[in-house]
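What follows is chain A paired twice: with chain B in the first complex and chain C in the second.
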Partner chain A sequence: MKEISTNVLIGKNKFAKLITFPSVFILIITVVGPFAFLLYASFFDWNLTVPAPPRFAWFYNFGLVFKDLRFWNAFKNTSVLMIAGIITQSILGLIIAFLLNRNFRLKKLAITIIALPIMVTPVVLGFNWRIIYHEHFGPLNYIIRLLGGAGSSWIADPKLALFSIFLVDTWQWTPFVTLILLAGLQSIPRQVYEAADVDGATGWQTFRRVTLPLLRPMFVLVVLFRTIWIFKIFDPVYILTGGGPGIATETLSLYTYVSWVKYWRVGYTSALGIVQLIIMTIIAMIFVRKIMRRRRA
Partner chain B sequence: MNRNDKKYQEFRKKERKRKINNLLQNLLLTFFVVLFAFPIYWIFIGAFKQKGEFFHYPPIFLANQFKFDNFTRALTLGGSKGVTDSLIVACIGTLLVIILALFTGYGMGRFKCGGQNLSFFVLSLLFLPPIIAVLPLFIIFKYLRIVDSYIALIWSYFLINLPFAIWLIKGFIEDLPEEIESAALVDGYSRFRAFWKVTFPLIIPGVVVSALFVFVFAWNEFLFALMFTRSNVRTLPVVLSELIGGHGIQWGELSALSLVAIIPGVLLVVFFQKYLVRGLTFGAVKG
Partner chain C sequence: MRKVYLLILITSLLLIFSCSMLVQGQTKFNDVTITAFCDAGHNALPFEWYADEFKKAGINVKLVTAPFGNVYEKLKSEFVAGTGAYDVIVFFPLYLGEFAGMGYLKPLDEYAEKYDPHLDDIAAGFLKLYDYYAGKLYTLPYDGDVLSLYFRKDLFNDATEKSNFKKTYNKELVPPVTWDELLDVAKFFTRKSGETLAGQKLVSDFYGYSFLAQRGSFAFAWWLAEFASRGGTYFDKDMNPMINSEGGVTALQRLIDVLPYCPPDVFAYGYDELKDALVLGRTAMCLQWPCIWKKGNDPAQSKIVGNVGVTHVPGVMKDGKLVYRAPMPCGRILAVANASKNPEAAFYVAKLLSDDFSLANVSTTETGLDPYRKSHFNNPKAFSGFAPEKEAAEYLAAIDNNLTYGFPDLNLPGSAEYIDILELHLGKAYTKELSPKEALDAVAKEWDSITDRLGRANQTRIYGELLQSWKEVGLID
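== the complex of A and B ==
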């Protein structure tokens, strides 16, 4: 046996490095170069619509970002989507996961149908919900009117537009939360419930003291993944409202896009990017630690 | 007898309660299933609606006829270019990503090559908001004069898909015991042959799943396609978004194209549902 393991070790490093290298090389030139540029540009007063050459300006752009009300508006919108989305999707997801975690005919079919929204092209989603939200001819208002409501202009009303985006996000991602929580529920051994039953626990007590604590790791994943994805939400917003009406639904990604494509502010947009990068790095570090710890265990 | 009767009554009561409970749960579940299926049904039905049927009150919930003229018209409105370009970008991109990721995933999974630092680097790329990469990549592509080309798009998709595929394949390799390769090495196989003849066949399912995910991500991707292409390359999401933004939205044609656009994603969910959670959580949930 000893011989085998030394045999395995021989030439291991060279071969391993050789096969690992190509993608790492590609990733580095794709990432490191651009980010060095981003960092560099963020220190310059640099605007493509102004003929003046870029001027080194220290932290001028970062100051602008933090004084920019439109940035804070985008920050607020993104945070609202994040918090409302995570809470709603966790609760709904848990309910549906419980409903699915029983024995019944057509179980597989039900799971498949519920999982469908996850992989729908985001652009299609935006377009499709525009029809559904249509003030006069959309099915949503039709159903609301059938139930006695008046119907609303979902995406044109500044007070409702962000809520409409939240609904679309919830429609697409509750299934994802459901699947994760369902996997969590299925991994709880039956004996645990039997033990709780023997101890005379009521249904609610079992849920509160047994199921929820055992689902905790899954909830951690849900929160972190949803945080990451909502943080970069772009496509559905772009198609549904384009950030409007006004800037009522502008998210961080959308504002960065506008600041680049509409105003060609290289320096400012770079600073905006760096700020988002820092926020994301902090979130990612929490997450990476968690994943790596689990891997080692 | 009396006691037994009482017990029996209690049992029946419990049983009835359980049945009612079950029925209510089934009803609630049905409600949710309809809720999640409805928008997808709406795309489907829209693809077969005639022009006036979109602007009809009450809305039309059933198709009157299954004619494909929306599809044929959509193809002439840029749809065929969109489908072709999406296929080119997604297929070539997937092939390259999978070949690269297979080797790197093997190096990282089997030999711990690069250690924690490389793992951290790859994983953190998965969290990157793509919008941040748009500006610097655009300037680099401009400098290299490859804006609006297949190369630019395929290259930029590496940023999203390569870390994803590496991480997933690495996980599949870590699931395999090392001993199966040691045995082959003892038999005089070279390192590469041991990988190709022993390990690779065992992770084929994992590779296929990774490839499908990568394909769907590339197929669905919008932001990079919007930024890095103009007229030479026009993927399906870009074509769709332009039709949406255009004057007098062509709802029928758009719905038909939308239906085409969601096919890969829907197929992935239907046939590889088992791997859906694992893929989307980058292997954190094996479920």
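== the complex of A and C ==
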């Protein structure tokens, strides 16, 4: 076996460092820099609505975050959207994936049509649904009235507004879940089903004991992605309700936005951002650990 | 011979050059380019209409717009970042205190002296409250907003409706003068689909009243209308919130009491929805900005042409006298950014729009801009394209009267946050999440904390100056 000299290894190492330098530099500028600023600003009582200099305030802003009822309201709304969204989208996605996993004519066209909502820009989607939900001119109420119903104030009624946002999110993201689960279904080897068949398993037993366990990694992926995305949900909420009526639909990211660009509370909003980052990191770590453990097994 | 030709050529060139210099000398500015900012939509149109006129003065104007609800964020972001992106800006007086106080705007007294934007022609209340800050001229008016009561003349003049109203309430059916009367009239006109209204069978539900409740659209002004007429102000002289006083709670309770007589989606009503509720024939009355009269008389936009009545906002009886205050929400103003590289040209454009072209801007249905100059109020002929001159004169007189008894927005540093918190809790009271008293107490608590955070001493001083200017124009005692 030919030995590689130490000099060559050192040279290669240097070269490797050199070629990664631009990416590391860009990362420092775009990620580490702003994060460092966020962390720094979170320790200051700093408002940009008055010409007063920032004042070092230790953990004052973090204390405020946990005492802020509006933060907890936004946290509750985000959590409701997240839990309801993930459960509904997973069930619907699984059903649609099963249907698409069969062979039928125009299957490719069906998949393309189902995938369309994912491609719509969130802002455009928000405006479209605003029209759909319109009390007087909206097609949704029109259909409900045709069927003898009374129609509703979908985005103006505080009892319905969050549900209306959940519907929009489900409409847009169920196809994503479907596609992931469909890929999962298609990767399950046919032999596994044949073996289950030979062992005399019923359809339900095959689904419970074979399909679901083999789809589990895909579900973990779906839940991880959807958790992160719903945690950041902004555009549809901003366009449809602006967080209202009152703060009935205000989510964490919308509250952070309002706190920054409407109130210009630099220190407080930074602390709000850090708190969210910690929550998100914990959630992501749980899921990543689950995925890694599965892989090792 | 060649020398003669050469001489003729040189002389001709010199002549052409001198002529061009002469023409250039006639323009005020030397082909400068400035950037203007305005909220998007019909109110930004004048910047495009007069582009050639600006060019004649040697100014090229690049227009940047942002949605109505994002004006504050957009401008503040640019100011904070110090980009110097805009030269002349259109914004709302609600933010004047903050923008001028933070040094984002250029004082205009010097330019006003040079170019004379006819300040004495501007309605006194508007000039004093929305154009001056801390004794300096910072802005010129662009849109003279004030709320008035608009109503369906055909319904109020209908003999059957009049007779039915008299039978029910034992009084004449007239546009409500007090807030108590407004509730009665709103209730009277609210009908279900299939019932009859002014001799016509209704094909959809009809409502007596509509108001603006959408957060971020100056919704607080619909509550302020009664609160101010009850003598309310935002704070006392020591910056203690006054909104949760008895007048504030009564005003909020009134809006909750009138909800059954409003369209069910009224919580989502912004400017367009409220305008449409009246001009598309779904409601009998509303408080609105003046442009609704123009839009309501435009056959392309309205189903009630010729039937838009206007009068002063309702009030309360005090010692046998009617007291009313008309909120002045929104009300666009033109200012010059302190970071502008061409402040003089920017001011000149502002002056042309606020003064020279203003009558045309406020008297067309194509904009939502409203009168603010004496020369507008005294010129009903300019508005006679929508209605007979007599009616136009009545409309202008009603606006002028409401401006005389106008009540200003809170133009204090942090006003965007103060007002957002107020609107948020008004919404909570509308949806019965909180009682009116609980909602306004919560606002007072939050306002106190905002004041402390922004510096109580400084806020008290600035608010004291505002109170002084309100006293000078007779708004408060």
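Basically, the second predicted complex is superposed on the first by the 273 of 297 C-alpha atoms of A that agree within 3 Å, B and C clash if a C-alpha of one lies under 4 Å from a C-alpha of the other, contacts with A are read in each partner's own complex, and residues count from 1 in each chain.
Throughout what follows, contacts are C-beta pairs under 8 Å (C-beta built on N, C-alpha and C of every residue); 3 or more make two chains touch, one makes a residue touch a chain.
Bear in mind that the values here come from a model prediction, so they are computed numbers and not experimental data.
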**OP:** Please indicate which partner A:Ala248 is in contact with in the superposed arrangement: first for chain B, second for chain C, both, or neither.
**Re:** second
Original post:
Touching A:Ile87, do we find chain B (first), chain C (second), both, or neither?
Top reply: neither
Original post:
Between chain B (first) and chain C (second), which, if any, makes contact with A:Leu100: first, second, both or neither?
Top reply: first
Original post:
Looking at the overlay, does A:Val192 come into contact with chain B only (first), chain C only (second), both, or neither?
Top reply: neither
Original post:
Which partner does A:Pro22 reach: the first (chain B), the second (chain C), both, or neither?
Top reply: first
Original post:
Which partner, chain B or chain C, is in contact with more residues of chain A?
Top reply: B
Original post:
Which holds for A:Ser153: it touches chain B only (first), chain C only (second), both, or neither?
Top reply: second
**OP:** Determine where on chain A the residues touched by chain B overlap those touched by chain C, and list them.
**Re:** 136, 261
Subject >> chain A-touching residues of chain B, taken from the complex the two chains share >> reply: 22, 25-26, 28-29, 32-33, 35-40, 42-43, 46, 54-59, 61, 100-101, 103-104, 106-108, 110-111, 113-114, 116, 118-125, 127-137, 139-140, 155-156, 158-159, 162-163, 166, 174, 178, 181-182, 185-186, 191-192, 216, 219-220, 222-223, 227, 236-237, 240-241, 244, 251, 254-255, 258, 261-262, 264-266, 268-270, 273, 276-277, 280-282, 284-285, 287
Original post:
Okay, in this complex, where on chain C does chain A touch?
Top reply: 69, 72-73, 76-77, 80, 98, 101-103, 213-216, 263-268, 282, 413-414, 416-417, 420, 424-425, 427-428, 430-431, 433, 453-455, 458-459
**OP:** Mind listing the chain A positions that touch chain B in their complex?
**Re:** 4-5, 7-8, 11-13, 15-17, 19-20, 22-24, 26-27, 30-31, 33-35, 37-38, 41, 95-96, 99-100, 102, 104, 110-132, 136-139, 142, 171, 174-176, 179-180, 182-184, 186-187, 218, 221, 225, 228, 231-232, 234-235, 238-239, 252-253, 256-257, 260-261, 266, 269-270, 273, 276-277, 280-281, 283-285, 287-288, 291-292, 294-295
Subject >> chain C-facing residues of chain A, complex >> reply: 45, 47-52, 135-136, 153, 155-158, 242-248, 258, 261-265
